[in-house]
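Before anything else, here's the structure in question.
Per-chain residue numbering starts at 1, and chain names A, B, C and D are given in the order in which the chains are listed.
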Amino acid sequence: MSSMWGERIKLSVFGGSHTEAIGVTLDGLPAGEKMDWDEILVQMARRAPGQDPSATRRVEKDEPHVVCGMSSDGVLTGAPLCALIYNSDQHSKDYGNLKVTPRPGHADYAAFVKYQGNNDIRGGGHFSGRLTAPLVFAGAVCRQILSRHGILIGGHVLSVGPAEDRRFNMADIEPEILKSLSREYFPVLFPSIRQEMRRQIEEARLALDSLGGVVECAVTGLPTGMGNPMFGGVENLISSIVFGVPAVKGIEFGAGFQAARKMGHENNDSFYYDDGGAVKTRTNNAGGILGGITTGMPLVFRAAVKPTPSISREQDTVNLETGENVKLVIKGRHDPCIVPRAVPALESAAAVAVLELLAQNGKL
Amino acid sequence: MSSMWGERIKLSVFGGSHTEAIGVTLDGLPAGEKMDWDEILVQMARRAPGQDPSATRRVEKDEPHVVCGMSSDGVLTGAPLCALIYNSDQHSKDYGNLKVTPRPGHADYAAFVKYQGNNDIRGGGHFSGRLTAPLVFAGAVCRQILSRHGILIGGHVLSVGPAEDRRFNMADIEPEILKSLSREYFPVLFPSIRQEMRRQIEEARLALDSLGGVVECAVTGLPTGMGNPMFGGVENLISSIVFGVPAVKGIEFGAGFQAARKMGHENNDSFYYDDGGAVKTRTNNAGGILGGITTGMPLVFRAAVKPTPSISREQDTVNLETGENVKLVIKGRHDPCIVPRAVPALESAAAVAVLELLAQNGKL
Amino acid sequence: MSSMWGERIKLSVFGGSHTEAIGVTLDGLPAGEKMDWDEILVQMARRAPGQDPSATRRVEKDEPHVVCGMSSDGVLTGAPLCALIYNSDQHSKDYGNLKVTPRPGHADYAAFVKYQGNNDIRGGGHFSGRLTAPLVFAGAVCRQILSRHGILIGGHVLSVGPAEDRRFNMADIEPEILKSLSREYFPVLFPSIRQEMRRQIEEARLALDSLGGVVECAVTGLPTGMGNPMFGGVENLISSIVFGVPAVKGIEFGAGFQAARKMGHENNDSFYYDDGGAVKTRTNNAGGILGGITTGMPLVFRAAVKPTPSISREQDTVNLETGENVKLVIKGRHDPCIVPRAVPALESAAAVAVLELLAQNGKL
Amino acid sequence: MSSMWGERIKLSVFGGSHTEAIGVTLDGLPAGEKMDWDEILVQMARRAPGQDPSATRRVEKDEPHVVCGMSSDGVLTGAPLCALIYNSDQHSKDYGNLKVTPRPGHADYAAFVKYQGNNDIRGGGHFSGRLTAPLVFAGAVCRQILSRHGILIGGHVLSVGPAEDRRFNMADIEPEILKSLSREYFPVLFPSIRQEMRRQIEEARLALDSLGGVVECAVTGLPTGMGNPMFGGVENLISSIVFGVPAVKGIEFGAGFQAARKMGHENNDSFYYDDGGAVKTRTNNAGGILGGITTGMPLVFRAAVKPTPSISREQDTVNLETGENVKLVIKGRHDPCIVPRAVPALESAAAVAVLELLAQNGKL
């Protein structure tokens, strides 16, 4: 594993926040698929900071540069697809003291031990949330292929701190809704909650603090019978990539942790034949997966995103050089809430995983 | 993946509820480790049904039979370790109609589509919760090796329906507590809650219904710096095996979904030097993992276990032969709550994953 | 890796020469395939010693015992297929001194260092040639599935010591020939060479010595376009399993090492349209693989099998206890030439690899 | 698989002969290793065409450009190391007709079928021998790390057409010899053979033809006991990467195919204690590997390299558009013998594989 993932669709992510570029290689993509570049840019923009007024003040330009694997008119050749995203905003001076005074909530200390201090600390290096940009590129490619198989992926901000959107009606998710969510900057199901979420974020910003939240993602159009029992299940597959998105600390499928509170007769999803003769379930507490295998109902998962650890408030930490407990004030501008930008990253992780699932099941 | 798992410590689980035997092969184990057979039987007994009066009425005898990989005096040879657990309780007649009338909440329908009806439906076949028995055997072997590296694993029933135990104090978990929990049949931290949980289970049983719950697991003694960024993280590794335990629908690490409700200054774990000069954190919302890498603090995760889908109440389903909506009444005795028995299964999944983690990091 | 292999079709081999049983688990097999048990026994018999008068005097009974994964009428359920082969011929006393006086040409010394002396030395333990029996079972299952896709696999003894059979005419291999070869005990293309090979083997036996040889295998009916460039090539795939057959020290595809002696204009295989409008090549020095991808021509490989290291002659070795150079005389009956029995093992390795190849390419 | 390789040391190769750049990502490298850039350039130069007067007339400039993973003073950070090699020599016009008239001996036809004509045909695209440049970069990095563990890798041209160098004396290979071979452009053991080889190559060039050959590689300093039985053996590991080098059609270890001609008493390597008390073998027909595990003796393998398929002579092929048999004359300048340049590529494949082997065995 590490920064490579997958068996049939292989993903390799590289780079750090302040290296020349970050990038991604995707291997195993089907040849002949024509990419709509504007659609890729839409996804990159959704992840880029500074798009939403309340979210951040830093502006990145994340135009991916294709090195190989795509013809000049945007058709996949079948060879590995590699794209770079050059880094321009490199305030390296901001990160001088972080190597010896690890930031609470960051990978700094664990990485210091693992790499014996040789890791690139600037901007979090390879641990930076910026590494979701190549993942979003990969997802933007994969979702275009998936959409030609009738598979749509969309997510929304389910909560930001105490502000909560409504959940998907898991037994009945309109593909059109996913299509629309998957192009928004701050996607929510219940529009009026967005303002409250932004207010919470702005408050956190003013308090030199940060906020986490939950992202809910859905996939419609999956064929029934994909996946495997036990370790080859769809939940295993998706979680193995979703935890690659920095700041994710939990994942649940369908009713998830709420299922643990239900009685069997509530949680079991009754089967029935719909008007078209298709087998459906009246509820979808399973989130589209039973025994690790797709049921044909929408796949739904939720990911818990912790609050951004980079906050401007003074914090307690240690000085690894002097062996003393010290105070730390992190400089630089930091996004007080990455949850809206995490939506395209999590949709992308799902897109790569679902393409892998199709490939594993001989459906590409 | 499928029913095999791992890179350095490879696990292969096979068998179905009503095949001659179920079993497991573990490859990559360090040679020369002497196994305490009684300790293995303790773990097998914790998972076996019928140990706890309120949990089930079916009695299984799950004595593992070693085929190869262990000397006659219990020392691992380094070659693949294979063990069988013979199936004795085979009421095949109970499952006759399930192939065409899939049980709600079970893998029956998804499996029917995937395997075109060729799957072994008896007792759930390869999807049966009984398949956790070989996993518990594997975990019982791995945890003995881990304990010699000072690594202990223990879990408890955090909730059964509405009854809730207290959580681990994640920043300070006594190894002795884990040692004791890991030998109990119905482990809880706050002893008086056990009675209430049993009452809930008995009520569900009388109502021909079932209950889910949450299991909380902890690992102490892990070296700092194990794991990898992105897809090679410890969360990815553990979740990729934990979702192999049937009925698990969610996993979270550290503060998990609660982290999504916290402010950054609450969720960040401050570093400090303890009296012995070790770097610690005052809280442990990270659950011992930052950036996918161990911090040296206890690793804590929680898994949501859905209510047993096999309930005796009449349920709605379809008849795949006639194409009609029908009623289903599942016969046979079924455990109204598998949560206590899921504890050793989840500890075992963690044990295999942690041994793999050590092997990946050159610590075996 | 280790004793597990594969991504879509996963193979796990376990056991040692003198453990209770040896066995194999195959995961990922397509459900619904009905197995012809007699055909499986034919393959087991071809590998078993004692079938051919000149080859050995030891008689094994290698009837596989299916534990799970197959219905009572021989249909694959799609769940892991596990089979055991019980060990009966256990002359443990013969192997007493081998742990400290490693046999030249055997894994004894390397294994002693790797496993610090904990490995099972009896009969070579997990390194025994007997471990090809579960591989042959796996191959016997896979080849039945392949034959329904029009894919046939057959091999022959190309050489035993100095006695050489003729090579396949690689550009034109009759499927009927492969069908016939794949059921013979001592398959050769040029029948009269068999007698000379047997004579060589008998001479080696009388000289308390042993002989190696070369096995040539062919696969017909492979679709064009299977495989991948670079590390995902068909040659990589096949060699990664073929070197799992003990005693194999080399592999070549098509013209192989002879290609290194040819001029480009000789080695290049000219394309042409055959009468049916199919693209073919006039020669097949590529052995059916170009750029790692199948060309549609027969796949041909050759494997070099070293002489059995267990010979009765006195040999020089060391005593790892006393630190002295000593003489060793290996007792027991040993097969002076395993090459004829290696044919079904190598065909089986190819069968598993080709089924994996189909699965990887979505053709199952 | 495909263009990614490895479990602990992961390699991802991307790009095509005429894309903007080709490149490589290496993940899992140990942090803190300082790279000697000049040594990397030495290896790149050995692979580059045009260095040796007789070999080619095309000049490439293969200076790798590090994107990430290395500090400005050449120290590995532990994050993925990515390097690009820009393509400058792009005579795209030369390749116009190759898509429909596949070149004999090339991947053109197989790739056309696999990718339905979408593959990049220019210069062979991702199948080009130029893709060994990123592999050589990877190997140049890995061998520097290996040398600090006392492990040296070197190879030589064993044969070019009929001209043959002497083989390594496998039981006694001086590390100094490997050090010297691994810096030469046309490495041979018996110096006077080089002239004859060059003469053969020049003759082939004048005849508008090409020549293949055999490369022999050795690795000294490997610890005893690395590797695994069956599919996890060292032979499996090395062959799984070596067949990723285009044009390789065979591999053998130790005595290899010659072992098939030997008697057991000749092929078995007798053990003895050397003066320092180390266990050695008098011969080394095993090539340093028994039972898939290193013996501590030098690891030796040979790879058969087919003649360059791109020859200027008129050849027979098909026109996939018109469905006719046609004549083909390949334009452009082509290397009549790539064998000398294959030496650093094969050494590099071995270097990556051996670093993976150390990582798998906890030795990094």
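The rule we apply is simple: contacts are C-beta pairs under 8 Å (C-beta built on N, C-alpha and C of every residue); 3 or more make two chains touch, one makes a residue touch a chain.
Predicted model only: the values in this text are computed from it and were never measured.
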item: Remotest chain, chain D as reference, centres from CA atoms; value: B
item: Cα-centroid distance, chain A relative to chain D, in whole angstrom; value: 38
item: Chain C and chain D, separation of their C-alpha mean positions in angstrom; value: 27
item: Length of the line joining the C-alpha centres of chain A and chain C, rounded to whole Å; value: 45
item: Interface hub residues of chain D, defined as touching at least two other chains; value: 2-4, 7, 13, 79, 111, 114, 126, 229
item: Chain contact topology (line, ring, star, complete or other); value: complete
item: Chain D-touching residues of chain C, taken from the complex the two chains share; value: 1-5, 7, 11, 13, 102-107, 109-111, 113-114, 126-127, 131, 159, 161-162, 204, 207, 209-214, 224-233, 235-237, 239-241, 243-244, 246, 248-257, 259-273, 277, 279, 281-282, 285-287, 289-296, 304-311, 313, 315-318, 320, 323-325, 336
item: Complex contacts: residues of chain D adjacent to chain A; value: 2-4, 10, 12-16, 19-23, 25, 27-28, 31-32, 67-69, 71, 75-82, 84, 111, 114-120, 125-126
item: Residues of chain B that touch chain D when the two form their complex; value: 7-8, 79, 229, 359-364
